[in-house]
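After this come two complexes, each holding chain A, first together with chain B and then together with chain C.
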Partner chain A sequence: MAELTVVKTEAEKGLADAFAAAKPKLPGGGPVAAMREAAFRQFQACGLPNRRVEEYKYTDLRALMRDAKPLAAPPSKAAIEAARDRKPFDELDAITLTLLNGSFVPELSDLSATAAGLTIVPLSGALAEGNALVAKVGRLAAGNDDVMVALNTAFLNDGLIVEVADGAAIDRPILVRHVFGDASAAATFARLVLTVGKGARVHLIETFCGSDADYQVNAALELAIADGAHVDHVKVIEDGGMSLHVSSLLADIGAHARFNDFTFITGGAAVRNQLFVRFGGEETVARIHGASMLKARQHADTTLVADHAVGHCQSRELFKSVLDGESRGVFQGKIIVQPNAQKTDGKMAAHALLLSEAAEADAKPELEIFADDVVCGHGATAGALDEDLLFYLRARGIPPKEAEALLIQAFIGEAVEGIEHAGLRELLMESAARWLAARS
Partner chain B sequence: MSLLEIKNLHVEIDGKKILNGLSLNVEKGQVAAIMGPNGSGKSTLAYVLAGKEDYDVTEGDILFDGESILDMDPDVRAAKGLFLAFQYPIEIPGVATMNFLRTALNAQRKARGEGELSTPEFLKRVREAAAKLDIDPEMLKRSVNVGFSGGEKKRAEVLQMTMFEPRLAILDETDSGLDIDALKIAADGVNRLRSPERSFLVITHYQRLLDHIVPDVVHVLSKGRIVRTGGKELALELEARGYAEYQDEAA
Partner chain C sequence: MPAVQETVDQVRRIDVDQYKYGFETKIESEKAPKGLSEDIVRFISSKKDEPAWMLEWRLEAYRRWLTMREPTWARVDYPKIDYQDYYYYSAPKRKPTLKSLDEVDPEILETYKKLGIPLREQEILAGVVREDGSTPSRVAVDAVFDSVSVATTFKEELKKAGVIFMPISEAIREHPDLVKKYLGSVVPVTDNFFATLNSAVFSDGSFVYVPPGVRCPMELSTYFRINERNTGQFERTLIIADKGSYVSYLEGCTAPMRDENQLHAAVVELIAHDDAEIKYSTVQNWYPGDAEGKGGIYNFVTKRGDCRGARSKISWTQVETGSAITWKYPSCILRGDNSRGEFYSIAISNGRQQVDSGTKMIHLGKNTTSRIISKGIAAGRSQNTYRGLVTAHRKASGARNFTNCDSLLVGDKCGAHTVPYLEAKNSSAVFEHEATTSKISEEMLFYCRQRGLSAEEATALVVNGFVRDVLQQLPMEFAVEAQKLISISLEGSVG
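Let's turn to the complex of A and B:
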């Protein structure tokens, strides 16, 4: 029997070469090295996800990722100085941490200003010195078979480990800025690991921005939420216009917890935003919202899996996209209700507003329900702005662009309303207003 | 010169003729009523005046203050002082009434080359206008017309009219869906705005609105054109005798 050989793409070969070259230098002891090795083998067995893989039907990374960029080196002094001006959400009173080109930069971070019950450890240092917290890295990723998460595990070289002690209430949000500052392209693989103790309260805000280079981001957040904790996570993707962005949330939530998640996407040439949320304890309420505003040839895919492993939880998913030019917005949402997860209450909705004839919206809602006493539903719409609403506004003297902007802000606003932090809500609506003002 | 001159207006929608040679003048300071049966073209006239795009004007002209407005966009017409109070005011979820009023007022002022109103001045005007129309200030924080009762929607239209101070206000079936108390509040709001500098075109099927907004002149619209013009007593005659004779005559 002839041996079957899979033709590898340029990018797949590049990743294999990069892994072979980097392996001896990547930080971490034996268990971490073994974890990397296993993850890389998984990637090699599957290759980059392509359109024949159901989960990647609309976002063929084998086609989108033409080559593998070199692994980003730790930033130079000059690069750090140059990055001082990149300060998204500077208006927020937050504990600010910066990952520049995927590496933690103490000069652009605020480690001294921590609060009681909060521990923040840079990942590269922890891996190098064998900090006990390293044991938390990969716990949630281990249960996930997504290839892009596996690639992040294989290459992860820096990031943050954040611990919030039982009962601690962290008043100021933790703001993690992912910045790519270089003019030449590279690939970054940052990992955040946030563990929130019982009854604790914390806000995590992540922002992604970068240069005009065609850089590649593959970031992952492992988020373990203990019983009774209350966590808000907001991710703002404003990457450079040539970049390829993949980021994954791996969340595991205990009982009686509250989780609010929001993703706002305006940047990147191609974005894959993945959310894997597992409900592991009863009476938990989660609100998972998102909004995208895309133009030109931008592509953004939000793929969500809400896994109700136990019953009596409520999940609300609402994703809105505003699509101009030839952009494409994808939403895939799957709600899984396991056999014992009775009394699950899940509602999912995806709405797209098409501002041009050439824009495209794809929605693929899925319900996999194995319990018989649940309330689950989904809805999806795609359409243009309502002519009657526009006429009403114009009949009141509001010019066409302004009238459209008002309606688009209202459309996005419904999803943004779910964010609890008022200051952040305002900043995101200002960001939406800037996007609208830039429309020609 | 009349403020509004409609000359031999022919209008179609989807190839169907609705207005058929309508001619009408509204003088400065005049309150003109247009009465007519269902399907006579009343709402079409209102929409065409405001500039709705779905209608094709195949012949004729509309002059506002001596200038043709047929090629003007709805927002340009509004800034020139034309206001349509909608028969069915539209709900706009997510756009707060206050923000809407302010955006619209400032857009009109900007188009006319006037400065934006300061926040205190704007708030003062809204509060005063709302109080006179018995509108709860809390309502202004809500989305435009969302969850408003029929009466509240019509009062909100009159509130807008009060804020925008148009030169010509077109009231499209403002009485529809209103009980008598709500009708009085809306009519009082309109009457307060009557002035030698402001004209009204009051479109209605029934005479009862004209008990409260007393017109200077009444036009009867049938089959897309004006078939009779008279004083306010014409409205009473129509109420008593119905529209049958005009429909026959036009047919």
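Let's turn to the complex of A and C:
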């Protein structure tokens, strides 16, 4: 409320100072600078999101983000060399692109291996030289009033602009590695802009990993999907154990399109994974799945808004979380059916498995419906492993830990099944198995 | 199927015509000056002949209220309320002492007769058959008219059983120890903006105490009526079920049709000790405003039950059809081990009504269970929101909850929303939640119409089937009334 005098936190003051200092050096011409300025004003008006802000009820960033880390500098030669070994998902035959400490590193990327109809441009270069593609940056972010997206807009310094031409089918997945390599903490603000043309086919995989420093990631992906396109997007968050991770997906989907999204969270001290998906054309089918496996004092929040602006679309959401130690898993999902979005078919489910006494699961599955001829539903459950199932397995001579692991794998597997890429599906199930092995 | 013009017109027509309780009782009344101040709080307290501690309690609440801000999180939209523009106390003028019902103003008696509320024990006991052929039911009634209770029936018979059933204003004078012990113990004075306002200016309501081991011999009921212009009604109800006792309590409300908005901010506190059970049913039918949303009651209610003892049970059943704005979350605090909370709700909105209602189930004790069944029906241009919280605390091992909230949309100008919060802080807690939203299926309507039912009858039938789970929970007398209400609110709104 306006009459409230907001006391600025250390982090908020730090961000204001950082913005003032960085402003002249950040890349981009007049319109980009104006966009940054407007976005930062939005942040200053609201401050960091806290629990009084409904969308952040369970993830109080004002408390979780104690200070603002300095902006990450472009990586040194030594840092690049040191990062050569960090190759998550190297087993995949993919077009690999690396963002080290938030900056694009050509040495760790294969820009040469492009396919027909695929254009990949590093964002910082495009901003500096005033590339025509820069006009696409911020198009989808502009319609979003989330403060963390605004912060990404204010500070974005690098990332990638990827264009898939109409009708192009890119057979190899595009793998974008977000790596934080430094031993000392810093903040990164990368932006990916992926535009998929009519009837095109593309597969984007993003991975996040990093050092044990308490670094801060604020990444955003603007994803515009034209009519009839088929897009898969998988995000794997395996950040370092001290890190604060915020990433946002801003997707706008045309008609007759297919969109599969999956998020897998095992890393980070505090994670806020936001998905804003807007259905802008009829007859589109979207499957938005996710799984998180948390332990110790980890906190992971998945917040999803599926906005059905037009009718005749189908959306399926399924999120699973496995919570051990004193971890806290949050799921907030909202299906919006706008007036006249008739014949919308939306189903959302969130399931949490509590493995320890001190773990906590919070779920808020919302429906917001303004059209009468729709079928929408949601389900949410929270509970411990089924004693009967455990007993059944143990009666067959399977040791308790193993029986638990089997059940947990099956639980996670249901969500992972939604991934179309078989190789990736296997890699993620292996990752889940590793997590379970480390548990016992 | 998009709504045809005819349907839209029908929906628009119904609200004003259908509200049959919209008459006004012409009666002289005594009012406090308009507005709210410490003097008004003192005025109300002195009118009620309250002891000093009660006045202090009220004043403290009032001072606290001045520092609070009106909550804005609910999905309801209304012009800012000017709290100085209401009368906080209004009572029918009456003779200094009222010995029997015959001395009650005949206008008031007429009002309750029109509303179908039996106030004459003789008539009830004699089994008089009314003109319309119905027999009055045997229910003890406390009738609250604006700010005062005008009559309470069956007092003597209840007294024999040891049950105390009286207006709270009397209870403050006659049973100060009980009131002092329990008032504000479930909904603290500082709980929320509306509850604090109520604590400062509450006028009347019911007080029920059921002694240990007693099964209350009859249903208790309160009928609330707002009559006077520009008044706020601040009902305060306190029900205590001592160890091993049982009580079923019903509440009904209506108001005349007026252009301006009236305020109703109630607080209801329930306390169930070991093995006790309280069943609380509401049929809320305040004036909902006209088709364009003019007038109607603002209904801001804090209802909370405390399952304080082991194996206690509190069950809320509500049928919400009235009010321009509803802001109401009957909740259960499951403190005692093995205690149980239930919430059954049907919320129907039409015209430009806005409903934001639901429940909170707070699991604190071990092996506590709760069940939530909520059915929302939105028609016309209304907005109908279910908002509910289920939480299990660290020590609430074995907590179980089942929630089912369904919404039905009638017409394409309305909205139905579901905002459930689930917080599991204990690994042995098992929560299940499901929600669906749909429209009445064409096939069902077709099937009914084929058998000769009109479109409206068919809709009413389908809707009644949809809400059956909840209606079953209502006491007999209310179930019939509720069923009638449902067909009224939906008449003409076939999508």
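Here is the rule we go by: the second predicted complex is superposed on the first by the 435 of 440 C-alpha atoms of A that agree within 3 Å, B and C clash if a C-alpha of one lies under 4 Å from a C-alpha of the other, contacts with A are read in each partner's own complex, and residues count from 1 in each chain.
The definition used in the following text is that a contact is a pair of C-beta atoms (placed from the backbone, for glycine too) under 8 Å apart; a residue touches a chain by one contact, two chains touch by 3 or more.
As the structure is a prediction and not an experimental result, all values here were calculated from the model.
With chain A as the common reference, the superposed partners chain B and chain C fit together side by side.
Of the two partner chains placed by superposition, only chain B is touched by A:397; chain C is not.
By the touch criterion defined above, A:382 reaches chain C but does not reach chain B. Legend: residue contacts after superposition of the two complexes on their common chain; A:81 is shown touching neither chain B nor chain C. Between chain B and chain C, it is C that contacts the larger number of residues in chain A.
When the shared chain is aligned, chain B comes close enough to touch A:414, but chain C does not. By the touch criterion stated above, A:367 is placed in contact with chain C alone, chain B being left untouched. When both complexes are overlaid on chain A, the residue A:340 reaches chain C alone and has no touch with chain B. When the two complexes are overlaid on their common chain A, residue A:406 makes contact with chain B while staying clear of chain C. Once both structures are overlaid on their shared chain A, chain B and chain C have a minimum Cα-Cα separation of 15 Å. The contact sets of chain A with chain B and with chain C never meet.
The touching residues of chain A, when paired with chain C in their complex, are 1, 54, 339-340, 342, 352, 354-384. Remark: chain A residues 387-389, 391-400, 402-403, 406-407, 409-411, 413-414 touch chain B in the complex.
Residue ranges of chain B in contact with chain A, taken from their complex: 50-53, 73-75, 77-79, 84, 86, 89-90, 92-95, 99-100, 103-105, 107-108, 111, 143, 160, 164. Of all residues in chain C, only 1-3, 69, 73, 394, 407, 409-439, 495 touch chain A in the complex they form.
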